[in-house]
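First chain A sits with chain B, and in the next complex the same chain sits with chain C.
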Partner chain A sequence: MSDTISLIFIIIGVVFDLFGCIGLIRLPDVYNRLQSATKSVTLGTCSILFGIFIKYGFSAIGMKALIAIPLLFFASTVAAHALIRGSYKSGIKLWDKSVIDDYKDVQK
Partner chain B sequence: MKYITLFIIIFVLWLLITFNLETPNLIVGALVALLTSLVFGKSFLKDSKKFFQLQRYFWIIIYLVIFIWECIKANLDVAYRVLSPSMPIKPGIVKVKTALKTDIGKTFLANSITMTPGTITVDIIDDEFYIHWIFVSSKEPEQYTNKILGRFEKYIKRIFE
Partner chain C sequence: MIINLLLYVLIGLSFCCFFRVVFGPSIADRMVAIDIFGILVVGICGLMVLITGRLFLIDIAIAWILLSFIGTITLAKYLTGKKLDE
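Presenting the complex of A and B:
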């Protein structure tokens, strides 16, 4: 039973990772690519880790997988934030069909 | 006080990661936790009393449930945008104001915004968040502030402030 549930979680995770990679290729600029690269992939990987936790339960492997979830969560959010801010500061333009840019005003 | 709180947290985390209750492991864990809490204790939370107020944990659980639900819903939304042939995106950077005061509250709000797909926090200046949004659905600041922050802000306020 727990094997089936963990398999379902792992499959969901792999599918979300795949969506993240497709987004990385299809979306037009750095900022939009970061959106799919960091977040769909984080949710997918967290889901895979949770599947591993369900399979192994409260053992050495399962606990490591469970603790990796918050660590991955904070690492990827902070990395996304640093990358997007860094690319803005180093002068990469937004996509030319972007509708609004409030951040421009505080750069001067 | 905050050194002791940090020590306990690190030690419990060590025990969970190594998953081993033999004496050498306990001693090494205690040493590592002691060293880490001495070095980083200064920059830990200013008010460690909050760790022992139980109603905050209750709000954390409710917040986690809402957060995971929002996260899955929003991920499906982004998957739809990525996969559909016409790619309906309308990106832009918007400015929203938050009512949170403490640094830790703002940090968690920014991380929550980053994790819900469609929005990444670009920068925080005082109480204004600059957010890159993949689909800017309205031009009215009140509406999108409510849309981005409204789901999380009140829970984070109860947890951290």
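Presenting the complex of A and C:
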């Protein structure tokens, strides 16, 4: 039973990783790419680690996988925020079909 | 058996990240791709734990999370034009 549930979580995680990498290849802009890729790939990898935790239970591997979930979640989101702020400040333009830029008004 | 197939899918996705590293127009694109590659390696380590049952691979995953975080923060500081200790 726990094998089946963990396999379902891992398949959901791999599908989210697949969507994130398709977004990384296909989208036109660095901001669009990061907002597609980071969120869905982080969620997918967290789902894979949660599947490992369900498979192994409260053993050594399972507890380490459970610890790695919030570590990955906070580290990845904070790194993505810092990276997108740095790329905005270094002067990389938005896509020419983008309609709104709120951060330009906030900066002043 | 199906776990092996999912592992091959994740390895193929990391080659997609290398496509973006090679052909990315700016440095931020390459850095995004390396960040995503680091997260995918954590998933690959997780699936290899399920296949082989070795205990040290999940330690490699946790260490890779921290190293990827430090590297991305360092390049974000470099992109804003500041020194590393400001």
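Criterion: the second predicted complex is superposed on the first by the 105 of 108 C-alpha atoms of A that agree within 3 Å, B and C clash if a C-alpha of one lies under 4 Å from a C-alpha of the other, contacts with A are read in each partner's own complex, and residues count from 1 in each chain.
Definition applied: contacts are C-beta pairs under 8 Å (C-beta built on N, C-alpha and C of every residue); 3 or more make two chains touch, one makes a residue touch a chain.
Quantities reported herein were computed from a predicted structural model and do not represent experimental measurements.
Q: Which holds for A:T45: it touches chain B only (first), chain C only (second), both, or neither?
A: second
Q: In the overlaid three-chain picture, which partner chain does A:R85 touch, first (chain B) or second (chain C), both, or neither?
A: After superposing on A, A:R85 lies in contact with both chain B and chain C.
Q: According to the stated criteria, A:L94 is in contact with first (chain B), second (chain C), both, or neither; which is it?
A: A:L94: touches chain B, not chain C.
Q: For A:I67, select first, second, both or neither according to whether it touches chain B, chain C, the two together, or no partner.
A: Both: A:I67 reaches chain B and chain C.
Q: Per the contact definition in the header, classify A:L34: touching chain B only (first), chain C only (second), both, or neither.
A: both
Q: Which chain A residues come up in both lists, the one for chain B and the one for chain C?
A: Shared contact residues on chain A (touching chain B in one complex, chain C in the other): 34, 38, 42, 60, 64, 67, 78, 80, 85.
Q: Which positions of chain C touch chain A when the two form their complex?
A: 2-3, 6, 9-10, 13, 16-17, 19-20, 26, 28-29, 31-33, 35-36, 39-40, 42-43, 46-47, 49-50, 55, 58-59, 61-62, 65-66, 68-69, 72-73, 75-81
Q: Report the residues of chain A in contact with chain C in the complex, numbered from low to high.
A: Result: residues 7, 10-11, 13-14, 17-18, 20-21, 24-25, 30, 33-34, 37-38, 41-42, 44-45, 48-49, 51-52, 55, 60-61, 64-65, 67-68, 71-72, 75-76, 78-80, 82-83, 85-87, 89-90, 92 of chain A touch chain C.
Q: Could you please specify the touching residues of chain A with respect to chain B in the complex?
A: Going through chain A, the ones touching chain B are 16, 19, 22-23, 26-29, 31-32, 34-36, 38-40, 42-43, 59-60, 63-64, 67, 73-74, 77-78, 80-81, 84-85, 88, 94-95, 97-104, 106.
Q: Over in the complex, which chain B residues touch chain A? Could you list them?
A: 13, 16-20, 71-72, 75, 78-79, 82-83, 87, 89-95, 110-111, 114-118, 120-123, 125, 130, 132, 134, 136, 139
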